[in-house]
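Have a look at this one.
Order of writing sets the chain letters: A, B, C and D. Residues in each chain are counted from 1.
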Amino acid sequence: MRDRVIVTAALTGAGDTVGKSEHVPVTPAQIASDAVAAANAGAAVVHIHVRNIETGQGSRDVSLYREVVRRIRESGVDVVVNLTAGMGGDLFLDQDDPLKPVDGTDLVNATDRLPHVEELLPDICTQDCGSLNFGEGSQLYVSTPDMLRTGMKRIQELGVKPELEIFDTGQLWLATKLIEEGLIDAPPLFQLCMGIPYGAPANPELLQTMVNMLPEDAQWASFAIGRNQLPWVAQSALLGGHVRVGLEDNLYLAKGVKATNAQLVERAVSIVEGLGGTVATPDEARAQLNLTGADRA
Amino acid sequence: MRDRVIVTAALTGAGDTVGKSEHVPVTPAQIASDAVAAANAGAAVVHIHVRNIETGQGSRDVSLYREVVRRIRESGVDVVVNLTAGMGGDLFLDQDDPLKPVDGTDLVNATDRLPHVEELLPDICTQDCGSLNFGEGSQLYVSTPDMLRTGMKRIQELGVKPELEIFDTGQLWLATKLIEEGLIDAPPLFQLCMGIPYGAPANPELLQTMVNMLPEDAQWASFAIGRNQLPWVAQSALLGGHVRVGLEDNLYLAKGVKATNAQLVERAVSIVEGLGGTVATPDEARAQLNLTGADRA
Amino acid sequence: MRDRVIVTAALTGAGDTVGKSEHVPVTPAQIASDAVAAANAGAAVVHIHVRNIETGQGSRDVSLYREVVRRIRESGVDVVVNLTAGMGGDLFLDQDDPLKPVDGTDLVNATDRLPHVEELLPDICTQDCGSLNFGEGSQLYVSTPDMLRTGMKRIQELGVKPELEIFDTGQLWLATKLIEEGLIDAPPLFQLCMGIPYGAPANPELLQTMVNMLPEDAQWASFAIGRNQLPWVAQSALLGGHVRVGLEDNLYLAKGVKATNAQLVERAVSIVEGLGGTVATPDEARAQLNLTGADRA
Amino acid sequence: MRDRVIVTAALTGAGDTVGKSEHVPVTPAQIASDAVAAANAGAAVVHIHVRNIETGQGSRDVSLYREVVRRIRESGVDVVVNLTAGMGGDLFLDQDDPLKPVDGTDLVNATDRLPHVEELLPDICTQDCGSLNFGEGSQLYVSTPDMLRTGMKRIQELGVKPELEIFDTGQLWLATKLIEEGLIDAPPLFQLCMGIPYGAPANPELLQTMVNMLPEDAQWASFAIGRNQLPWVAQSALLGGHVRVGLEDNLYLAKGVKATNAQLVERAVSIVEGLGGTVATPDEARAQLNLTGADRA
């Protein structure tokens, strides 16, 4: 296990979860409030999406991000801010006429996925390192090598640390290529996202194999979704990684028991400590990840 | 190692290789001739794409498939015919305006990828079990869960054995799901495609992990592309799999030495035999794969 | 994870630990009392050695085992009794004159390691499935294939379930051979002992590899010693195994904090439950392990 | 694969093989002659045991080693000499009275295993890094941590490169410990010995796991015995290792076809080259292994 395990709280995501748990934060005030609670519970990093206040659907509205970040900073809580830059990659196809994008599609180019990052300069922003099917129908997430090169270059210029979200082994390969091309500053930060159909399944042996494929200086975390979220905290920590929990990936503390973000963070902290580990403070996270923009967002 | 290792010759593919090696077969006569030579060299199965005679580009023209199969059957050679059903999944995007498909796009629905299979009823046809980036630009291969369900159901009705081409671990997961849904008859036949950017890299440890994820009754092969093709024959056989070589995946026998399909098959046979193995005859392949349509195409 | 995870408490062992922690039980009364406390804390199985009351050293005295078992049974607590049958394998050599056994040697044949098992007919007794170096000097543990065949045959006749203690991959191979020879009734029960110099190190990837080598119907647990004991509870459970804790393998709850057996069991239960798992009751353990002698010892 | 794969020929060993194949060399003249033939066939290293001329049994007679080395040097062939220093570790027990060593026992201390190394100063000598059962009866090979420390220290003083023969994962752990203690000069040279009952079985996944456990600067080879010898050449090379063949480990080219050492080396070379690899010359081997004593034996 690492000396200091960074706990990231993924507060809300963009999934269709608002109707499924009353605890999923929607408004900037709710998201910021959950960020503060998560930080107080032991999260060193908060990973943030925003949602349309009316519909509850995921949004790319910069003013919403602005308000969330402002509220977190005004709270005085110390926490590393990680803004998603993964929104704008959804392509829903008509399976009978697959050249026709259908409802739900929100596919924009690499630059148009970054205005909130440009303005708010968070410590970290995510980048999803490839294209794949999401779910059972005909929904793709699109992030191509060329788009990634464009996005990574801009993020590097901004001095923001990209979190490389990896959904399968080919994406890990592509991310490694981008590192070799000089588009990502050391140390690279990987987030191995497991158990999301149909990316890499939440299989401990596969996690080990993927960890063995990482560059030597990599910082990495891994999470799994749904009922695998909490056991995966242990699995990731046991293999030397950081961890992530939160309502973006899982709504339950146990079967039938709905969770809050703070409760999930408490459980993650308790699991890490139960293994004999110690969770990182925000400053310890900044030091490990070599964050340079910590005072800006 | 298996008792009998099936060697598949992937004769031509649809890649941009016609100008790169004079040995890549283009016309139905050339493809059938290579099929016969590959069979004579020890291939039990030939995996076939067709190409536009004028441009050399990959094609879905049924009349070309019809001619290739007729010529193979007229030759009197005994070989299992495996027709690709993977054509029709290419989506090239403009990275700046990604909702606009650009040149090279050939994206059709699941049914429209199957007319040659419907007519010719080959022993085997391939199905690519997911969507992912191909290559460095903004090119996707698209095969969604819904498309796969539609395609697998039709292939099952036709009594054709689908070869499940797997480009990463999430695709293996999806294929397993489709098996559980009853869409694929036993034994399932997997082809683990490694080293194609940006699917699973040609990493032996990853191959082992993926093999460990297969259903227990699975028949499987694995290939890698380029200079990894020949060593991967050994790696796949050593882990208990079947093997695939051919100009679809690799143009060279050795650095600077261009190969023919027959030469690559000879090398595969020699590698398998050098390890103490035995290659399967076409009938031994039919028995292992439980092929029922062997006399139709 | 398994539905029901069996927690074994290894109460005292035979190591040179009596002076190192006041909590290590020595007398039959102390050992039985710890067994009861461990069972009350959630252990379904207690793994028992006995110690010389004067010296605190490990012993093979049947009367001591008899008293421990009697006291446990009289307590009325429900717990599966697992008696070590590993004592009597120690060979200490003079490194300069290695044909000369020196102090500490307690090497007897297979039958002489079993009188307490013959008399007391516990539910389970252990068998160490090979020979290897123990520790840094010139100390061997000796258990040869022929000795194991003799021992296993007798244990099978007695209707006792052997727990196959595995210290490295070659021992797993040998145990599998003995199963194939019909010397061990189904399901075989493996205990993968990790981190004991110089057997298999406490490496999660190696544990996974060893688990992949087990027979399909195997029941298995794994433990690691020292400060790896508690994290290994999580690792074993996450890979689908049962778990073991206790003062035989580890004296501390945390750095500088000495543990009791009951506290270690409580921690193991808490770790399993924190992962979303459930610990087995003694009856659930008996059912999983197909124990037939449960009412005798 | 490595740039240059070192082929070691293990010419004769000490096994009970003299009656089983007429090709097993016994006399110094025969062993030297096989060394020359193996070198001419492509072996960069010859691993040498000597045998009693009358009985054919393994021997530690320095005069026999002296004659073998003299004859190899006089032949003018260029080859790296690797002398076993593993003889003198055999302990055969009476399973009924295990404190009584029986026939076949040849157990001496660490220093007494080295006189031929002291005198002849070979490029390389082997050290077996642990104790374990050999075969089905009650035969142990004994090499304890203390003996290894004594032996390694002396070998280091002599400027000879120890080849660390590893029979299971615990031995790899112990060897790593000895490296950390400064007893072995960089780069350490490991020989992973697989498939010898009851050490690590010849399982490719286990080989990968063991390779992942090696120190970063390690040079390593792996071999397997019997019918696994030739496929294992491919497996070891594919995972980045050097290779070993020869009559010490396997008597057959194919089922029923007895091999000579030179034929086995030819096959190893052919397998490596069939995978696209290149075998190392003796000078390339010396450079990779950083051999300093190359001109002495």
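As a convention for this text, contacts are C-beta pairs under 8 Å (C-beta built on N, C-alpha and C of every residue); 3 or more make two chains touch, one makes a residue touch a chain.
Since we're looking at a predicted model, the values are computed, not measured.
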Partner chains shared by chain C and chain D (touch criterion as defined above): none
Determine, using the mean of C-alpha atoms as each chain's centre, which chain is farthest from chain A. D
Inter-centroid spacing, chain D versus chain B (mean Cα positions, whole Å): 42
Separation of mean Cα positions, chain D and chain A [Å, integer]: 51
Whole-Å separation of chain centres (CA-atom averages), chain A against chain B: 36
Which parts of chain C, given as residue numbers and ranges, touch two or more other chains? 205, 212
When you draw the chains as points and link the ones that touch, which shape shows up: line, ring, star, complete, or other? ring
Which chains touch, pair by pair? A-B, A-C, B-D, C-D
Spell out the residues on chain C that touch chain A in their complex, using ranges where they run on. 1, 204-205, 208, 212, 227, 230-231, 234-235, 238-239, 254, 267, 270-271, 274-277
Footprint of chain C on chain D - complex, ascending: 93, 95-99, 101, 105, 107-110, 130-133, 135-140, 142-147, 150, 167-171, 173-174, 177, 197-201, 203, 205-206, 209, 212-213
